[in-house]
Amino acid sequence: MRLAWREAFLAFRRAPVLSILSITTIAFSLFAFGLFGLVALNIRRQLSQLEERVEIRAFVVDGTNAEATSAALGDIASFPEVLSVKLVSPEEALLRARRELGEFSDVFEAGILPASIDVKLKEGYRDPATVSAVAGRIKNYDFIDDVRFGEEWVQKLYRIRNIATIAGAVLGLAFAGVAVIIIGSTIRMAVLARAREISIMRVVGATNGFIRSPFLIEGLLKGTLGGLLALLLTWLANSLIGKFVFSAEFFDPKYAVAGVAAGALIGLLGSAFSVGRHLREV
Amino acid sequence: MRLAWREAFLAFRRAPVLSILSITTIAFSLFAFGLFGLVALNIRRQLSQLEERVEIRAFVVDGTNAEATSAALGDIASFPEVLSVKLVSPEEALLRARRELGEFSDVFEAGILPASIDVKLKEGYRDPATVSAVAGRIKNYDFIDDVRFGEEWVQKLYRIRNIATIAGAVLGLAFAGVAVIIIGSTIRMAVLARAREISIMRVVGATNGFIRSPFLIEGLLKGTLGGLLALLLTWLANSLIGKFVFSAEFFDPKYAVAGVAAGALIGLLGSAFSVGRHLREV
Amino acid sequence: MIRFTHVFKEFPRTGLALQDVSFHVAKGEFVFLTGPSGAGKSTILKLVFLEERPTKGEVKVSGVSSVTIRGRDVPRLRRKMGVIFQDFRLLEDRSVEANIAFALEVTGAPPSAIGPKVSRLLGQVGLASKATSLPRELSGGEQQRVAIARALANDPVVLIADEPTGNLDERATRGIFQLLRDINANGTAVIMATHDLELIRRAECRTIEMNHGAIVFDSADQASTHLAPGANSP
Amino acid sequence: MIRFTHVFKEFPRTGLALQDVSFHVAKGEFVFLTGPSGAGKSTILKLVFLEERPTKGEVKVSGVSSVTIRGRDVPRLRRKMGVIFQDFRLLEDRSVEANIAFALEVTGAPPSAIGPKVSRLLGQVGLASKATSLPRELSGGEQQRVAIARALANDPVVLIADEPTGNLDERATRGIFQLLRDINANGTAVIMATHDLELIRRAECRTIEMNHGAIVFDSADQASTHLAPGANSP
């Protein structure tokens, strides 16, 4: 084993650029996963916050009597999808409009806004299809003038999430493929560069396991270093984004450890796979 | 020369993974440049469109006489930074508010909006500092109630542009560095892998130029292929973004050709530099 | 120790390199293998070393048959053999010392024993002064002697030498031959391929002569003087 | 043709390989270089070939001096020389044919002339049947003959051979020697390092003997019979 470690370090020293290349590749592939992981993490967080704000607003025809409205409120509250129902009076509506319209709030000198029934949906029922189904049912009340639920906005939100998921998966897989190819080819080059050494090891009676071990150790070391580098890069990227664009959440420490372990595993498996295949050629 | 080309192709055939790796690296580095180039191109385009919409809105105190207002209009129009000035009556303001506020437009049953003087600035004078200076001067008129110019919004826009520029430059340079290192190391490996061949070429009286030429051709070919691949990737990325996110502008054909030429140049120069250095070692 | 039984070896493009070769080398025997270029001498040695497997027939080395041995058992068998190749096969980027130590390390020798053993081996082949040189800083004959020292490192029970004196002058050849004889005297079987008829004549050892892949003469079979006149006369 | 004037060669780690070596080889001469392993024979040949430069003194080859030649002129000089190395130096991944053709292509020979010339050379060294084999599919002696054929490819005016018969049997040795003599008869100067005293004795050529980096005997200087008894007697 002592010899195997020495050989592994020798390989580092003899082909520093090649070693750095492998490490960087592993680091970049994990970094790509890390970035998409972060994006996914933060989009999911944002989505659940935004989803909380999904609500249906049904405008009540002016002059509707209070009994009909409150009966409707009870009805709607008993829908399985509904989290809460609230009646908003014209005065409250004006206050809210001023608040929501921000910059232009003081342009309302005396807006007359209709009363409305505001409905919030339970988690899991906030997708565009369900929202519009519920909105349709509410619209059946004849004292309801118009129903708003920002369909465009809800749909856009879901579309963004889907695109992010697909892009993450596609790019992640592409990077993983590139990483596997590069690891394989660096090992292949290392094996070829040491073909003579390997043939001489065989001549003096070294077992295949013995011949393989320096490559595996090398792979493991490179993978671990790559994983650490990826963690550092991801953390830096996160901090930079946090500083300049918007604050984002970072991974749980246990995921960070898992990422480094994944690097080590990529290095080890890549080496094991490639060395097995190429040792036969030498 | 015929022999040199054959040797170059032989090198491709003998180390396909290595060759693909070099090509991919060149492609990725140019792809990175291409993507940032596209982002820069589109941000610039977006910025100039958004900048056109930068305007200062000065609300006129109710009951101001028309003469004072029109004198002020003339004054403001003669500021060197000002492109156009317009007086917006309360009726127009209401119409515009309804249009701009979209979803909530029909909630204005009878909003009373103040009249305003809307000022557009000339290109080159739309940065936050100039805008707020002009706004300050307009505020000096005593019949002006309040001046709005969306300072936050303008500043955010400029900040995004600056971040994009810095990020592009930093990442572009990092990628270029990585590309140079990888090209250098692949050439180094190729030279070492062919050390025997090179020594035999010397033995039979080949000149240094002759020995070098297959490497240069190889570099040129790889660079050109890398450039073409980068162009394809950039175009694909652009189309995908155009399809799913927002429509983006693509490079001018002459920039595309320049990109491929840059790839060829990277390949050629990388090879020339590295082969000169390493031939001495062999 | 070594037994070839009706061995045929065919190479994909060049055809039959060995045809119906049978012979037996006993423990502690010293055998010369001779014959013209391309006769199949190196091929026989490669079969003994299990670098190649026979196309037909059986090669048995120290009780292990080429027919039944599994790939993973080959290294263990090889540790009992020393081998000197026609092309030396030294590690170019390591010193002479390190080249020899490598053979010992690979087989798991205790680190404390390696240093003294390497010095002793280098002394035996007359290269004590070149211990720290790289192979390419050595003359052809010096490299050959490094290869010999390495082959002796693991105290082999069988020593295979493919023209170990091809690049050596007469005096050095005699020295190396004496070294191989000494090792042989301690019970190691030696098979040595050589073109040096002078050496064979003087040495009075068993000689197998090959031609076109077949054994044409074996001094153990007949007390003839066909090619190696002095081989069997005392 | 070749003139060494008080040449010293020192290697960084192993010290003086040549000490005050002076000799002259005329156009069309045939010279044996002999001496024990490590004497400096290969070093002399490397100096002739300008693979190494002398530490002190001057090596002149066909009018070009090692002192004044620029690196970029070396290839042109080498095209006039053929060289056979102790370790063959063949391209492992190309056929025998391609190895020889390579030497012709590098010097810009017309493509139509290459094929026939390669066939003729292979016939000369007795390897016509192995034209499409790879070097590793050849025996040691066969590889050596490929190296010889390549050295002859460019019709050299000087031929340098470092133990070109080290891996060959007696008959093949005689054949190769005859080939070198024929080339020599056409006006090519030949310097051949060898350990084969038998060959030297029979050949009746000029012989330079080296030891410890110095020339200890040159049959051109004295009509002695010190080591090469038949060298100067007709």
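Going in written order, the chains are labelled A, B, C and D, and every chain counts its residues from 1.
Basically, a residue touches a chain if its C-beta (ideal position, glycine included) is under 8 Å from a C-beta of that chain, and two chains touch if they have at least 3 such contacts.
What you are looking at is a predicted structure, and each value in this text was computed from that prediction instead of being measured.
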Quiz item: Looking at the contacts, which chains touch chain B and chain C alike?
Solution: A, D
Self-check item: From chain B, the most remote chain by mean C-alpha position
Solution: C
Self-check item: chain A and chain C, separation of their C-alpha mean positions in angstrom
Solution: 64
Exercise. Compute the distance, rounded to whole Å, between the mean C-alpha positions of chain A and chain D.
Key: 69
Quiz prompt | Cα-centroid distance, chain C relative to chain D, in whole angstrom | solution = 29
Self-check item: Interchain centroid distance [CA atoms averaged], chain A/chain B, Å
Solution: 25
Exercise. Considering only which chains touch which, label the overall pattern as line, ring, star, complete or other.
Key: ring
Quiz prompt | Touching pairs - complete list by chain label | solution = A-B, A-C, B-D, C-D
Practice problem: Please give the residue numbers of chain C that touch chain D in the complex, ascending. | Solution: 11, 13-14, 34-39, 41-42, 86-87, 130, 132-133, 137-142, 145, 162-163, 166-173, 195, 197-198
Exercise. Name, in rising order, each residue of chain C that touches chain A in their complex.
Key: 49, 71-72, 75-79, 81, 83, 85, 89-93, 102-103, 105-107, 111, 150, 153-154
Exercise. Quick one: which bits of chain A touch chain C in the complex? Just the residue numbers, please.
Key: 2-3, 14, 196-197, 199-208, 210
Quiz prompt | chain A to chain B touching residues, read off their complex | solution = 17-18, 20-21, 24, 93, 97, 101, 103-104, 107-114, 148, 150, 163, 178, 181-182, 184-185, 188-189, 192-193, 244-245
